[in-house]
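In what follows, subunit A forms one complex with subunit B and a second complex with subunit C.
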Partner chain A sequence: MATKPGTGRILLKINHSTQDPEFSRRTWKLIKSAIREIHLQNASCLSFEELYRNAYNMVLHKHGEILYNKLKKMVDKHLKVVAQKVSSAVDEYFLSELNKSWIDHKTSMLMIRDILMYMDRTYVEQNKVHSVFELGLILFRDNVVHAPQIKDRLLKTLLSLVQKERAGEVIDRILIKNITQMLIDLGVNSKNVYIEDFEKPLLLTTASYYQGESQAFITTCSCPDYMKKVEICLKEELERVSHYLDNSTESKLREVCEKQLISNHMRTLIDMENSGLISMLKEDKIEDLKRMYNLFNRVSDGLNLMKEVISTYVKEIGKEIVMDEEKTKEQGTFFQSLLDLKDKYDHLLQFAFYNDKQFIHSIHQAFEHFINLNPKSPEYISLFIDEKLKKGLKGVSEEEVDIILDKILMLFRFIQEKDVFEKYYKQHLAKRLLLGRSVSDDAERNMISKLKTECGYQFTCKLEGMFTDMRLSVDTMTGFKEYIQKLQKPLPIDLNVHVLTTGFWPTQNTSNCILPRDILLCCETFKSYYLSNHIGRLLLWQTNMGTSEVKANFPSKTHELQVSSYQMVILLLFNDSPKLTFKEISDQTGIPLVDLKRNLQALINPKNKILDRESTNKTIEDSDVFNFNTKFKSKLYRVKVMAVVQKETPVEAQETREKVEEDRKHQIEASIVRIMKARKTMDHSNLVSEVLKQLQSRFVPNPIIVKKRIESLIEREYLERSKQDRKIYNYLA
Partner chain B sequence: MNRLTSDQKKKVTEFISITQSTESKAISYLKNGNWQIENSVDSYFSDPSNIPQVSTKSLESLFDKYKDSDDDKISGENILRLCKDIKVSNEIMEFAVLWRFKAKVLGEISKKEFIDTLTRMGIDSISKLEGDIKSLKSSLDSNESTYKELYIYTYDLGKIENQKNVSLDTAIELWKVVLASKFKDSEIWFDFLRKKHNLAISKDCWALFYDFVKIANDNINNYDSDGAWPVLIDEFVEYYKEQTGK
Partner chain C sequence: MARSKSSTNTTTTSRKRKNIEDKEEPSLKKPFTQAESLFNNYKDEVECIGPDGVVNFCKDLGFDCDSIHILILAWKMGASKQGYFTKGEFLKGFESLGCYDLTTLKQQLLSLSDKLKNDSPKFSELYKFSFAFASEVDSKKSIDIQAASSMLQLILPDGPHTVNFVEFLRTQQQYKSINRDQWLCFLEFSKTVKSDLSNYDESEAWPLLIDEFVEHVKESSIAVNKEFYTEKKDDRY
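Let's turn to the complex of A and B:
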């Protein structure tokens, strides 16, 4: 309006008369009475246009300061009266009275601002003082809200209302919302008034409230019940914010509640007897675990604490399984319980812990820890697979086989000594292949290919070589049969030979037995056939691995006995004499004593008592005498006699261990040389860590052993220490 | 000579006492050899023109004076006689003499070793040899790295033909000579070896033990078990701390 050229001209005309002080006093009088009307809510009779012009003139003629101060004084005075009125209201109407005077004040100030707009634009801006409306806010704050008889009462009233709501009463949320909004407005561009007058005390009382509440809950509730209560409290507090608090309060209020309700009680909750974390795990309380995860996720370190407790617990449980003498005797149940444990935790991870990476990691670490506690774990895994592949997978569909193998492999991953596993796997595989015990060739190959993807080509190349040998042997036998037919000289017995490549198969001591003449003839025939086709090879007979079918004429019936080759050799002795001492059998067969005893045990086993022993001692003694059991009876025509399967004896276990250690030496040295050949020169700690890295997929070498290998290589002049620094090695080509 | 530091002057004097060369030659060789006495002397002697011509005949007669009656070598009593004549009386210096002659076998100097060494050094009399050994002694006393060379040489003396490592007993005997004065707790080391190790000693271990002694003498707690030391020394440190209560 002021910029309109027309009005500007008119104003210039009355310029002179406005200079005198009388003018300002007169004009202010007009404005003053108008403001008074406004305060009395009688503004309808006022002419705003006129008032504006008066105010405009005052400011224009440098009376801005007078106007501003007089206004301030006047509003100040008015508000003192208002404060008086508010404070005299009874408790019940206190807040609404305050709210009403606030609304009135705002309306008045808006009107006054409109009248004095020109002052706002010029005087206020030039002198950097509060605008008219802001001035109103400040005056209201100082005179009303901060009036001694109001300030504390206001806070107390607000807090008691919040408290009432927490206790379940219904309160006037809109009124509170208005009051909190007022506090925010009174901050003039900041939230200081709201924060200082209300938010801070609110947070304090909230903290002490929930401190008491949580204390009460925790002594009376079980862990899941407590957590449910906490969930409700948190939800309510959140609603409170949305209904009548400022949004900025949300995070602060939540933090206070979480601290009191969760952080302060985490340990107690986890450790709660019969309902804490451990029992939730025991009883698969998915919902409760999930609840705990969600609540603990809200506070710092909550999940870490949970993770640690779970990991320790899993380690304990796992340790019980792997170190349990009873369970480890039965490899089947041993592994089944590990698999069950794994399944259980996979399930929990997925449904309760949202597959949290850290949780997965720490549970896996726990598994790795306890599985490797028992040095026999690699053997047991292999035995478990052996069992499955021998009979466990009969009548199971291909997909199911795959699932089972995958599960086994999952546990296999935790094994650190993969090379030990390989040793045993080889032994067990050899037995399965040679004795034809494998149920499914597909399953066997499936397992190998899984191991291959897991550990690489090197790990399985020998195992695959075993399969190749088996395949080639079939061809060889076909060729051999044709060769026999051509010879026109039928062999006394059917001979089936597996030709095994040295190195692929587990090394056996070639302790041969004395074969009967007929069999020896067959063997020689095969040998001449084979060597005529494969010049320059050496054939050694491994009689300890073979099986035979023997026809036995018992007085009652003729039976076909399926026996090991050693047993066959023993039984054939009884063709010549019905009664033999242990010593005689041993001398005439040349079977190593341990094997001989094992096989005799099987032959005198009450189940298939083919031989009769004249003694009832548990173990076989040198002096024992054996008879051909003429009273043998069986419903079946074919009788299977298998060697007593013995768990690896401590001596054998020791041997296997030594073999593994020896192999490791070579692998460590090979790895050192490989690295040094590439690097030429390298310092000690880098070399060691590089070696560990290269080998960790197979086993975890002891750094001391690595060091010893380095020293040995220095001694054998593959490496030398640098002359300047003993920690640096040079490669000697 | 005036432009040299006092340390360098000392070295020049030492160089001359070993080589009997002129001062200007000594300075130029030392300068080329970076003021390392050993290297400079070596390069001096590797130039045939620097070596006073010695007649093989006189060396042979010198050799005959000490040689064993039944073989073409100096050993046993005869070595002791030789040592006595050049005023060598302790065991370390006897090793040093063998080292000077580059002897391959403990307590034996072959004719070839004798003649070749003296020819190379231009020495044709007992008194000159005495002077040479004397300067070697001062070098051993003052120069840690020279002593270490002798120490490492000693290991090879302990090897029996075709053997890679020195047997424990021999190693301990050798250590008693070359280490006793350097390591106060050598008895603990020997006890440890006899009780816990009882195997031959590798050259690597022998060589590094010399460096280890410095740490052990200083403060065993400064030992760095990740410092690429041989495992045997690692194990000894544990034992040593136990025994000495450090």
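Let's turn to the complex of A and C:
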């Protein structure tokens, strides 16, 4: 405005002239006619400068209120006419008409605002009323959009358009976008108009629409088809948001759709016969499972439900395998099917479930559950490894061996009774080593080192000791051979001895059999050689574990028989007498009865009938008479007499079990003492849980047994009950 | 209470006792002449009252050999073995009870047994003593089921679990003897656990023997209930 010092006087002068009551009426008249022109879209003929000045003067001369109210009244009146016009439009043009009048109104209001800018700056601010443009919005909202003949019609039209699009028709998205934008603008500074007039009803109709739709889908579609449809629906709804709805609607709309399409039908979907979750698992439908995972992931509890069903199912399947008598007889297939199952679920986890930690955990739990249902699982794992290491890994590359062993180890991890496994593994390893059955030393060592990383040094130190014994035995034998050569007194037979450390090997204290004189001589020679090098040691012969090669002269041909040491002892008896009863054999060899019967069975086996028995009973009786079978024939020069497969008898299984139980007692006590030594005092339940924690890498002890051990330690005065509280134990040093 | 024992065993213990006593004799000799003469009335071996003497002594005192009073007396004497009182033990008992003849002794014992009923710590001591007293093993670490049962009936006749527990001990096969820990815990069990077992908590570190006893009682009470129920049913038809 004026910056010259003299302007004050001019202002005063104007002030005087404006006290004329006619002034405001006259000025308004001018402005009014200009606004009318604007409404008629004839603004080009107006002089903005002049109008602005007039409005400025009016406000300056305290006629702001008059100006504001008159403007309000005028726009109000104009909009009533507009509403009339909009509502009279036919359905097809209703929205476009509305849109057009909205655009016109906006343009007009912008112009009016420009004219009345001074009022906006002063009067509006001082009186805290709506600015001119906002006033325009409010008036438009009240007079047009909320006009009774328009409001409902607008909503209905919009909803029906959305509905049409859902049904596949093409609609004018831009028009709708404009209208929704209008609704948002009309909220002035909030989205209330949009939310109340449009969003809420939209969500309601959406919910009811998809409720009906999903009901229809679910009765007609299979589970995968349903899920595909849901995916499409969700995608379309999202597109809808991006095309003509406000962004804030997205999450609400998605939630409504997900609830109707997924949450409400989860159970039905999972349980759907022939196409539900279970059958998808059965048929490895990775894509469908992935789809289900993705969909269920959207809603709360969806994955939990899925996880539970999968875990129960895996438990069931696993239980079938584990408890299947037929399969368990064939350890190979038993384990192979478990490995297959594991593979299958690893695959699913990776490709369908994005390696979801919770899923992995629950599936692993399921495996742990069913593997431990069968108390023989540890034995079977060991047998499976045995088989693999004996022949299964022939001609397989190192990496592949590694993969197979890793897989076995995965299952091994689920075993709770790892100490039972160790017992059997030791037995099987001993056989492999002593009979030279192992295919590859590297694979053996690989397995041991894997077990070591898995269970710690303690678990494998004895197994490693077995390997050391084998290596040392080779050295000992070289030394022994040199010793023999120096002696200049060749031995009647070629003797090869493995010196095994007691405690490392699953040796049994079996009574020794009576060895033939020649062999005894050899043994004594070795013994004196060995003991001269290692003073203070005690050698015990484990004749039940040895093998022998025997040259046998049959009338037809000479054969070399590969037999066990026991069988060799039996066969040598027939050098002196052609006929022997079972009783006589037993007396002359001193072999324990169970072993004797086993070995005789192998010798009279029709396949390699080296001995002949004058009885055809299935079992061997005391009175049975055996002959040397002179009619024996074989194409091969070397004949291998297979030992009758030594399946663990129930008695032996019982013995192994008892041994394990006995070992556990010591381990539990050791663990209790270790803990108490560190803590000095501890209460019962903490002690028990600490013991369980310490031992869980080997086995899971029954708390009752732990309690029993505690009591035993109290009795032996390693612990005492606290005098104040029976539940607390003190360590007695 | 009186039990006969092989004579070799007896002599060794009495001899041992005698040795200890010899050392103490000079200081004890004078004040206890009355008690000493009483002792001499009953002693049947050197410096020791044997089973027969104990029976006579109890008879003269007017108590049953198998009574709580004699147990208390043994406790006060610090007797190490059932059926035997050595001279030292005998004299020590008289001293600690402040008695010199049978009548005062009897009165003392009667009042003491009344007092013990309300004196829990003292009773616990007696209970603890009773284990070692009943034990026939040299190490005093266990008592066989038989001895434990009779001792329990003697010392805890009114215990809420005594009848059931003794019955349980009689029928079970697993345990041949009871150790100190089990013995002591049973007293606490009797003190704290209600007769209907309603406040029994198996996580409270009771010895397994007691867990099993509770199990047994619960099972048999279910069985009884069932029987009762079927009987009722039978009545109806």
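Here, the second predicted complex is superposed on the first by the 719 of 733 C-alpha atoms of A that agree within 3 Å, B and C clash if a C-alpha of one lies under 4 Å from a C-alpha of the other, contacts with A are read in each partner's own complex, and residues count from 1 in each chain.
Note that a contact is a pair of C-beta atoms (placed from the backbone, for glycine too) under 8 Å apart; a residue touches a chain by one contact, two chains touch by 3 or more.
Values in this document were obtained by computation on a predicted structure and should not be read as measured data.
Undergrad: In the superposed model built on subunit A, check whether subunit B and subunit C fit or clash.
TA: With subunit A aligned, subunit B runs into subunit C, so clash.
Undergrad: Based on the superposed arrangement, let me know which partner A:708 touches: subunit B (first), subunit C (second), both, or neither?
TA: both
Undergrad: So in the superposed three-chain picture, is A:726 touching just subunit B, just subunit C, both, or none of them (first/second/both/neither)?
TA: both
Undergrad: According to the stated criteria, A:347 is in contact with first (subunit B), second (subunit C), both, or neither; which is it?
TA: Once the two structures are laid over each other on A, A:347 reaches no partner at all.
Undergrad: Once the structures are superposed on A, label A:685 by its partner contacts, choosing first (subunit B), second (subunit C), both or neither.
TA: A:685 sits against subunit B and subunit C alike.
Undergrad: What residues on subunit A does subunit C touch that subunit B touches too?
TA: Residues 683-685, 704, 707-708, 711, 714-715, 721, 726-727, which sit in both footprints.
Undergrad: In their shared complex, at which residues does subunit C touch subunit A?
TA: By the definition above, subunit C touches subunit A via 141-142, 179-182, 184-185, 188, 203-208, 211.
Undergrad: Provide the residue numbers of subunit B that touch subunit A in the complex, in ascending order.
TA: Those in contact with subunit A are residues 164-165, 202-205, 207-208, 211, 226-231, 234.
Undergrad: Can you check the complex and tell me which residues of subunit A touch subunit C?
TA: Where subunit A meets subunit C, its residues are 683-685, 704, 707-708, 711, 714-715, 721, 726-727.
Undergrad: Give the list of subunit A residues in touch with subunit B in this complex.
TA: 683-685, 704, 707-708, 711, 714-715, 721, 726-727
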